[in-house]
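Two complexes, one shared chain (subunit A), two partners (subunit B, subunit C).
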Partner chain A sequence: MNLEAAKLVFYEESYELLAAMEAALLAVENAAGPERGEHLNAMFRAAHTIKGSAGLFGLNDIVAFTHLCESVLDKAREGELAITTPLIELLFTCRDHIGSMVDAVRCGVEAPDSGALGTQLKSYLVDSAPVVPTPAAAAMVVKQEQTGPRVEVESGGDHVVSSDHWHISLRFGVDVLRNGMDPISFIRYLASLGRIVYLTTLYDGLPNPEEMDPESCYLGFEIEFQAAPNVDKLTIENVFEFIRDDSKVRILPPHAHIAEYIRLIKDMPEGMSRLGEILVRGGALTPMELDEVLGIQRENAGAGEHRPLGTLLVEERLAPPQAVAAALDKQREHAAQKTREHRVVRVDATRLDALIDLVGELVISGAAAQLSASRSGDSALIETIASLGELVERIRDEALSLRMVPVGEIFSRFPRVVRDASRELGKDIQLELAGEETELDKSMVDKLADPLVHLVRNAIDHGIEGSDARRNLGKADYGTVWLNAYHESGSVVIEVGDDGGGMDRQRIRNRAVERGLIQADEVLNDQQVLQLVFEPGFSTAETVTNLSGRGVGMDVVKRNIEALKGNIEIDSVAGEGTIVRLRVPLTLAIIDGFRVGVGQVSFVIPLDMVLECLDLPTDRGSSQQHYLNLRGEVLPYLPLRELFEVDAPAPARQSVVVVQYGSQRAGLVVDNLEGELQAVIKPLGQLFRGVRGLAGSTILGSGAVALILDVPDLINRAAKNERRKVALIAAREARHPAMREEDRP
Partner chain B sequence: MAISSIYHHERCILRIDGSLTIYEAGEAKRRLMDELNLAREVEVDLAGVAELDTAGIQLLLMLKREAARQEKPLFFHGHSKAVLAVVDLYNMAGVFGDPVVLAGGAG
Partner chain C sequence: MVEPVEQPQYLTFRLGTETYALEILHIKEIIEYGGLTEVPLMPRFLRGVINLRGAVVPVIDLAVRFGRPATTIGKRSCIVIVEVQYGDDWHDLGVIVDAVDEVLDLPPEAIEPAPAFGAQLRAEFIRGMGKISGRFVIVLALEHVLSIDEMAELAGSSESLHPES
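And then the complex of A and B:
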């Protein structure tokens, strides 16, 4: 991996960590007690990790700034700093600042200045002791101060606080004497590593003279031991190395060491998953002790009783409970890390696209193979190709789903957006999220984020009334804004709703007339009036706020959505609220299609949009009217033959394919129905860019090209044509037929 | 190792000379138990002990405990340097009684 590639990982990781930090910040506001500590820890870890990674790339600005954040967070974590609203505000700003610094590095521009924020952060640190580089180093300094003078005091024979001694329990095996080893020599050797403060010889094990074997050892010892500097648990244990096998040796560290173990365990790098390993690495347990307790665990398991290692360690007094608890925490942390690692594999998007392209080719070749197989009439071949086809289909689905990400990825940024906006406007807003697991194409996610932020801000600014107004209307004091996502006939729908005042049609109309967007006497249906807010330069807000109402934005939102081949729908009830519905296609690469023919030409309709097929009635009256009566509803239809000027005589029987997009329906008249197929969408050449009604092309198994129909556009056109004609006829017949497209939920 | 016993009536003075270690432990145990069973009161003179190990001190412990069980007075005295070193290390001066101090002062 070269440096640039590694940097990409750094950016991604930083954004993830910043997101985690933001989530923790939001949570810490509402949390208390240990939960709060957990969130502070999460923030600290995020800052710490970013600092570490930035250091690898020599990004000194980021290192310096995150170091300050980390120090403040550390103080907060230790409880030396109260979590106040100004502090949280500051941390939010710092989080954003780190984000913009990372962005700056990414774009190769100069990093924004951290001076002012740095000063603010430092003001929280003033009370702290002389600045030490890291908390770890601080601990070391303190430790030396404590142990230094105490050693001298002890050599003077003064009273010694027992908690600073190691406690060693020895129960010698019966055979040690016979094996030529004498406890005396071990204790003498131990004494050479420090000072035996107190020793108690236990001889309760000595049996009656008749039973006593004079060559056996029956003694045990409890020793308070003052270790010389640099003598750790392992060194002490090594004293008893030769008798470990048949003797019981328990070495308990001084209390001061327990804190040290906990610190070591907490500071350990990730990568260890086993409790024993963590404790051994932290120095709280020696490898021998681990082997021993694992042996006990095995014996217990053999006896049909499973006991966790941690419990055994504490029971056997091999490790202090506090250290075991810290190690267990570490283990959990690691497990969490691990599941995340397992869940996510970073893949370059271009490689994914290349894979999907190849799968597309595979689908086409598969169709060709299927065609030749069925022509050959070789049943074995047909069967093989059929199962191959099934696999190809599954590969296609899998490959496409690789690009799919849950929409929650966008939603997760909204708690912050709503929080900031509601603070700024002094409105009490509650955010509800639903359908976060709904998946859509990764490229869509990136492009939907900004329009959604805009819509949410708009809802908060214009939609939700002030709390006084709300109280007068008998609504809850806090406004609710919700985001909801779901799948609907091959599209993903994302709703942004609020329970505010709804849209005032009259005001929208007046403003549109005022701005010259429509004529004063122009007849518009409800949806058309509402859609006026998406016109460039439209704004009904009485005052322009910081958030929205500058008249730019809504038109940009609409443009962005249309660029994704999506559309926007507004539902608004005065006094009750507004729902803005964004509808975008699920994917842009491969679709399940329905193939139809007109003359020699094949067309493909996205299968998700096909509702039903029926015969075109022969007694449909005037050929001027392009609409049918479908079970009592008016269904406008478009003859594809006329639309695409196919030069072939119409057969006696024609079919209608009823398609739906959003809440609108239309029929497409074709010669014959040719069945389902998988269509790899190939973009149309430059020449056909301007052609309306076509979404792309695909290659059929036979090698022939089929055109993919742009159903939303066709439905629109059918509706428009018919409306015009119907209006004409209606005027003539003084009759008002119901129009389907106005019949909204 | 040599264990000699001198009886004054039923009071026995046991004198241990040389080393009292695991190598002599089997024989020493028999000797010591025999003498304890015969005597009513025992005085153990440790002045001649040139070497003492854990097996040895276990024997002395056993002797003392058994004497207590049989309700026979038993004293140690004349602790040699070798004995004192082990008793000190094992912090058993209390167990072997204050004669340590007396004997130490006398010898």
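And then the complex of A and C:
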């Protein structure tokens, strides 16, 4: 993997972690007590990982800044820093700042200045620092000095406070003297490594004088030891190497060292999963101590009780509890990392696209093979090809599902959007999310995010009333905005709803007339009036706020959705709220289609939209009226022959394909029904960008190209045209009442 | 070592009774005419689309684009696949011609500037007049002849799903 590719992974990972940080921040804001701790931990881990990865690429700005964030977070999770609103606010800003720093690296521009934010963060670090450093606070101090030489940490001199001494407990074995060892020589040797500050001799072990064996050693010592620089736990332990086997030696490091251990443990590379290993690597435990405690653990296990290593280490006073806690954290982090690795494989999107293209080719060749097989009449071949076809279909579905992501990926950003918007506008807003697991194409997800953000902000800004107004209307003080996603006949529907004031039709109309978008006397149905808000340059907001109301946006939203072959519906009840419904196709790549023929031309209708097929009744009365009776319901129909100006004469028997899109149903009149197929959607290209009623093309098994119908567009267009036509005729009738429609030129 | 001088090569082809030349750099391949699918409601110069090894490629009737009667398909009819740049991408387009003649070298000095009138063709379509054994052929300016923007606009405006308009 080259550096650029690795960097891409870094960006991706950073965005994910930033998203996690944001989620955790929001949770901290709303949680209390122990839950908070967990979220703070999550945030800390995210910051820590970003820092580590940024360090790999030498992105020192990011390292320095995230380090500050991390320090503040660490202090917060240790409970030394009260979680206040300003702090949360600051952390939000910091998160965004890290995001923009990553963006800056990605785009190769200069990173934004982090000076001011850094100072703010530092003030949190300094303000509440206690005079006597507690272990965790000491950790903070050490961490701040991380960039400096490490010796600083250990150089104590005479200025250190008393807790900065090693504490050594010695319990000599009974046979030490008999083995030719003199306890005092060890203590003397120890003194050569530093200064023995204080020594207590313990003689509790002495038996009654008459029982005392002069050749046995009964003494113990508690030593406060001031180590020389560069003396670590292992060196001290080596002093007692010869008596380790039958004596008890406990070496407790000074607090500053504990902090150092914690730092070392935290900065360790990923990949270690065993607690003891982590502690030994961090220097908090020596390999011999580890062996010893593992021995104890085995004994215990033999006695039928299992005790975790961490507990034993603390009980046996082999390792400081803080260091064990840090190591346990590390272990958990590792475990989390490991499960993530198992769940997710990162694949370059272009490779995925290439795969899907190939599957598309496979589907086309498969159809061709099926065609030749059925022509050959060889039943064995037909059977083989059919089972091959089934496999191809499954491969297609699997390949397409690789691109599917849950819509929750977009939804997860909304708590923040809503929070920020409600702060800014001083409205109390509650966000409800539903249907996060609904899946849609990854490329779609990226393009839906911005329109949705716009719609949500719009709902908060214009939809939800102020809390006074709400109270007067007898509504809850807080407004509710919700996002909901679900599948519906081959489309994904995403709703943005609010329980606000609803849309004022009269105001929309007036505004549209004012802006010259419609004539004052134009007859529009309800949906059409509502749709006016999507016209370019339309904005009814009486006050222009920072968020919306600048007259840009809604039309952009509509354009973006239409570019995805989707559409927008609005449902609005005055006083009760508004629902904006976005409907986009499930995927842009391969669909199940239903093939129909008109004259020589083949058309493909997305199968999800097809409800049923029937014969076009011959006794349908007036040819002017395009509707028929479908089991008692009125079904309008569109003759594709007329619509697409196909020259060939109509056959005696025509069929109707009943299609449904959203709440609308219609029939499409075709010459013949040619059956189902898998259609790989091929865009028609720039040259056909103005074409209407066609969603693209596909290649049939025979190698010929068939056109895919854009059913929603056909239905909407037909409805629009008919209204125009009727209005036109009505207007003409008003002028020339005698003229009949048939006589029109 | 002397770099070989880049000698531009041209493909000559026939449309009706006229001969045109196109710089060979634009040309990807020449295929037999066939397998065309008409796209309804398109202007006449947009004959339809073909399947070129899995890609859907639009096919243009140059004769119509030049204001002549539509090409009738004969035994020697071909589709010349050319590459046209649009934005940052290259698009494949097919052009129906009555017959392709030959590939020949035309040094820059053998190309005369376009006449002010007389070619019965929009002036910007003509890059110049190539002199081939005493005859002139029109060397086409592909970027104008197959301007995607202009053609897409024509295609968009000719759609008539509004029977009344």
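The rule is simple: the second predicted complex is superposed on the first by the 500 of 745 C-alpha atoms of A that agree within 3 Å, B and C clash if a C-alpha of one lies under 4 Å from a C-alpha of the other, contacts with A are read in each partner's own complex, and residues count from 1 in each chain.
Operating definition for what follows: a contact is a pair of C-beta atoms (placed from the backbone, for glycine too) under 8 Å apart; a residue touches a chain by one contact, two chains touch by 3 or more.
As the structure is a prediction and not an experimental result, all values here were calculated from the model.
By the touch criterion defined above, A:206 lies against subunit B but remains apart from subunit C after alignment on the C-alpha atoms of chain A.
In the superposition on chain A, no contact is made by A:303 with either subunit B or subunit C.
By the touch criterion defined above, A:646 lies against subunit C but remains apart from subunit B after alignment on the C-alpha atoms of chain A.
In the superposed model, A:177 makes contact with subunit B only, not with subunit C.
Of the two partner chains placed by the overlay, only subunit B lies in contact with A:217; subunit C stays clear of it. Of the two partners subunit B and subunit C, more subunit A residues are in touch with C.
Of the two partner chains placed by the overlay, neither subunit B nor subunit C lies in contact with A:380.
Contact with neither subunit B nor subunit C is seen for A:126 once the two complexes are overlaid on the shared chain. Counting contacts as defined above, no subunit A residue meets subunit B in one complex and subunit C in the other.
For subunit A in complex with subunit C, the residues that touch the partner chain are 360-361, 364, 600-602, 642-646, 682-694, 697, 699, 703-707, 717, 721, 724-725, 728. Every residue of subunit C that touches subunit A in the complex is listed here, in rising order: 35, 37-42, 46, 48-51, 54-56, 58, 86, 91, 93, 148, 151-153, 155-157, 159-165.
The touching residues of subunit A, when paired with subunit B in their complex, are 177-178, 182-184, 187-188, 198-201, 203, 206, 208-209, 212, 214-215, 217-219, 221.
By the touch criterion given at the top, residues 22, 25-26, 28-29, 33, 53-55, 58-59, 61-62, 65-66, 86, 89-92, 95 of subunit B touch subunit A in their complex.
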